[in-house]
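Letters are used for the chains, namely A, B and C, taken in the order the chains are written, and counting of residues starts over at 1 for each.
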Amino acid sequence: MMLTKTHKTLRYLVLVIMAIIIIGPFILGFWTSLLPTADIAKGALFSTHISLQNYVDAVQQTAIMRYLLNSFVISLLTMAAQLLFCSLGAYAFVFLSFKGRDFLFYVILATMMLPFEAEVIPNFVTVRQLNLLNHYAVMVIPFLTSAFGIFMLRQSFRQIPPELKEAADVEGLNHWQFYWRVTLPYARISLFTLAAYSFLESWNQYLWPMLTTFSDKFRPVQDGLRQLQSQETFNNWGMIQASAVIVVIPTLIVLFVGQHYFKDGLNEGATK
Amino acid sequence: MQAEVTPAPKPKADQSAAISRQRAKGYNLHAGDKYYAFAFLGPSLLVLGTFVFYPMLRTLYLSLFLTDNVGRPTVFVGLKNYIGLLTSSAYQASLQATAIYVIAVVALTLILGLLLAQLAAKKLAGIQWFRTIFSATMGVSVSVAAIFWLFIFSPSIGLFDQIGSFLHLPIVAWLTQPGPAMTAVVISTVWMNLGFTFLILFGALQMVPQSLYEVSAIEGASESYQFFHVTIPMISPTLFFTSTVTLIGAFKSFGLIDLMTAGGPNNATNLLVYRVYQDAFLSGNYGLASAESVILAVIIALFTLLQFKFLEKRVTY
Amino acid sequence: MKKQTVSHKVFAIVAGVLVVLAVVLGWTAFSHPSASAQSNGRIKVVFWHEMTGPAQQQLIKFSNEFNRSQKKYEVVPEFEGSYNEAVQKVINTHGTDASPAVFQSMDISTSQMHHTGYTTPVQKFIDADNYDVNKISAGARAFYANQGTQLSMPFNTSQPVLFYNATLLKKLGVTPPPVNPSYSDITRVATQVMQKSNKKVQGMSVEIYGWLFEEFMANSGTSFANNDDGHTSTPTASNLTGTSTVNTMKWLQTNVKDGVFANYGASGNALNNEIASFLSGRLAMFLQSSATTTQLTTGNKNKLGITYYPHPDGQKSNGVAIGGASLWISNDKSATVQRGSWDFIKFLMTAKSQAEWQAATGYLALNKDSQKQPALLNMYKKLPEAKVPGEQLAAAQPNNTNSGIFMQGLIQARNLTQTAMEQIYARSNIQKALQTAQTSLNGNIKNNNRANGY
């Protein structure tokens, strides 16, 4: 389709406006992170006193790097665990026969409807009784598996041609071997999607860590920022903005590098 | 129902139907599998049982009690917690706020996401840059989004306040008046959602066969006609998936509310999920908060069920 | 498909690396339990507090000084968010490794904390040490005592006061409010500020804050709850609709409606924004805790004015209750840890520490000997107004309506009074807003008493 010149200009105009709206908060956040708090407090947003002092302060005076490390550890553990347990579970629903298989599957499917947020009260009591409070474990153990992950991988495993299983049976592969050598490599795109999904879910956890962590040693980054925000907004807007930028930069880099794969993976999950 | 106008999933349906026909006689399933099943499925069942099933029953149980000052259920009150909630004006305000928030967030996210996807789908010089920018908020976590927007909306020093006073517009106290506060949290949420929604919808647009557009263009269809009669039906499964994800996400929105308004002013942004937190973990009313949890869970479950019913029809697994 | 070309080998390697990573991380992450009682040979005393800004800095300083002053204990301060959050955190972690050894809990949680039975009354240590408790302000002690037993140690103690920008008022030619102002004194000043600055400066702000609501009632001599605000026995009902409360709300509503008072809303952000406006000369007066004093003087070239909390017209001020928090010792820790907590509390209460505390924050020094300490003398020299909150406390005759409310569930009560204030600021019917809050509150009180078997 050919576009006329005015048409084209118009399209660019809309594109640019939308781009500014979307990128605006980033730029403003980044810009103010370079300004001294005194200027921000005065409303002097066009100050020329630019420096990296806020970043130095954030790294030296707050636990922001520790928060990042904590989040990284928690998210990675959750991701690895979900890949393992969800794929094992999904395998059972596709390649194993046992009593009540379909019933169990529907039960698990049903749990996808239950929001974790509505179950925090008893879950809090459970982790307290297990003495897991204020520990990495409390943010990983409840999320070792996920109904969504099992469901997604089951759909993916079902695409495996029966001939492969038959061939494997002929070769005498047991279930462990077939799971490891055939199923997982075959479904790697779905596994990649689940990995990204579970990592992000864990990274974005907010309420649960807020309820279960009580020290900077274990506090993940979302709640770390909340902590900084409540302590410092008045005293140090510049440093808060710098901390937010520190947190957002790694995810943005990952996003831009992995965008290509991510998009395909998500669409895989979305349309299936 | 637009199911008839959707030719895309069809081939897939045939294919997977073929696969499941094969499967019926296919994979050799053995009786001895149950030991494997136990090993493979055990961990997942244990975790789901402990952290999903048990708490569901426990929440139901707790919702029938008053709890004492250390959270133990002491006095059985039957459905009184529920009755009290549904008749309290504050809780009704929360229900209303949640409805407004969810509808606004879902509608704006989808419309803007679709607009962005549509804009970015056209082949123009430098379009790759725009695509990257449009997907950028996907890398933003909830606290970061809240902090960026909190600054933009803050009085005296915030961006909107400064623009307003520069243009001599009346100053809006964004986060301290009910209407503007709701607007502010909706804007922030939509902004945060856009990256993900854009990526998914953009991907779906890419998969619509170009030939369909070419054919309809030959028939003289206008661009808007194409949009409503080719694009929308073709991507409707994705559109529906996105809307449900956004909808459920909106029901569970906690972080933005917590950081930006803490449910205020005058409960205007006190969403159902935030109220659960307040009543349980600030006020220590675990019985009442359990009843609120149950109501929230029922609402979300209803919407999820609708999704499954609807999706089942449109897309064959 | 392009991605299918990734070989099985690569996949196996990636999967293998992930599993190894998970195991290694898991092992390191889970192997050391969170609350190891010992660190470098010292006994850990975890101290939970809710202080931000200069107060937090000062607390960290105190902890470091205490840790240097002896070799047995190591105090670890942890910031736990708002006062409201901390109460349930303490209750919810009790008996686990995550719980604190010593913690700060706000004034209105006193009754609740006591009733949980989760704490060791500091009286036990006062008796054991023959600690001279008379050095500590009697009014503050009384707030946290029950039937002659000191439950917790009063620590950060503030008075609600009125701050004004003296330089700004002078520049505008407005006579400042008197030291013990009535409502109409405030209205006069705020109105003049508005007029003389051509509406460039907001006259006054009263944050939507349950504490301020309670203090208005206290200063007019009205009980919030029956049974003398809980001082004689457990309250069974509240009274939010009395004439003087309605009149106070009328005063606020009229002024907000006329644009004489600004509305900064509720919660932590409100205070921050109030301070920001006050410092940038856009707000002339506001009501706040005396604990904000330091934030208002550091880096502020304008002269700060402080007066007593305003009282209704036509009556003498009854005096306001103290605000702030006290220090509690958890009883789920070993005797040694509890002893370490007590030693730390004693350290915080010395004349020197208390003087530094007031100088650094604006909270009142509770040790009577602090007034002679250089830290305080220097401060008074620089800012004579800093004496006002202490004078206000001294001027009040303690009685049942100005000594705090001894009732459980006050956090929720504050939510209700705040909602009522929000509605009133938004021009709702005053009587109706207060009545709604009172009805809900009475329901809560009834349920709470039932659930706890009172």
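We take it that a contact is a pair of C-beta atoms (placed from the backbone, for glycine too) under 8 Å apart; a residue touches a chain by one contact, two chains touch by 3 or more.
Each chain and its UniProt protein: B = Carbohydrate ABC transporter permease; C = Extracellular solute-binding protein.
Please read these numbers as outputs of a predicted model, since none were measured by experiment.
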With chain centres set to the mean of the C-alpha atoms, which chain is at the far end from chain B? C
Count the C-beta contact pairs for A-C and for A-B, then tell me which is higher. A-B
Averaged over CA atoms, how far is the centre of chain A from the centre of chain C? Could you give it in whole Å? 36
CA centre of chain A versus CA centre of chain B: separation in Å? 15
Touching two or more other chains - residues of chain A: 41-43, 233, 264
Can you pull out the residues of chain B that are in contact with at least two other chains? 71, 150, 156-157, 280-281
Contacts with two or more other chains, residues of chain C listed in rising order: 92, 268-269, 276, 280
Can you check the complex and tell me which residues of chain B touch chain C? 66-71, 74-75, 84, 88-90, 150, 154-157, 173, 175-178, 261-262, 264-267, 278-285, 287
Residues on chain A engaged by chain C in the complex (per definition of touch): 38, 41-43, 73, 76-77, 79-81, 83-84, 124, 128, 131, 133-137, 181, 184-185, 188-189, 214-218, 227, 230-235, 261, 264
If you look only at chain C, which of its residues touch chain A in the complex? 3, 6, 8, 11-12, 15, 18-19, 21-22, 25-26, 29-30, 33-35, 46, 48, 52-53, 56, 76, 78-82, 89, 92-93, 96-98, 100, 268-269, 271-272, 275-276, 279-280, 295, 299
In their shared complex, at which residues does chain B touch chain A? 16, 19-20, 22-23, 26-31, 33-34, 36-37, 39-41, 43-45, 47-48, 50-56, 58-59, 62, 71, 115-116, 119-120, 122, 124, 127, 130, 132-152, 156-157, 159, 161-162, 191, 194, 199-200, 202-204, 207, 213, 217, 237-238, 241-242, 248, 251-252, 254-255, 258-259, 273, 276-277, 280-281, 286, 289-290, 293-294, 296-297, 300-301, 304-305, 315, 317
Using the touch definition up top, name the residues of chain A that touch chain B in the complex. 1, 3, 8, 11-12, 14-15, 18-19, 22-23, 25-26, 28-29, 32, 40-43, 45, 85-86, 88-89, 91-99, 101, 104, 108, 111-123, 125-126, 141-142, 144-145, 147, 150, 155, 158-159, 161-162, 165-166, 169, 175, 179, 203-204, 206-207, 210-211, 221-223, 225-226, 229, 233, 237, 240-241, 243-244, 247-248, 251-252, 254-256, 259, 262-264, 266-267, 270-272
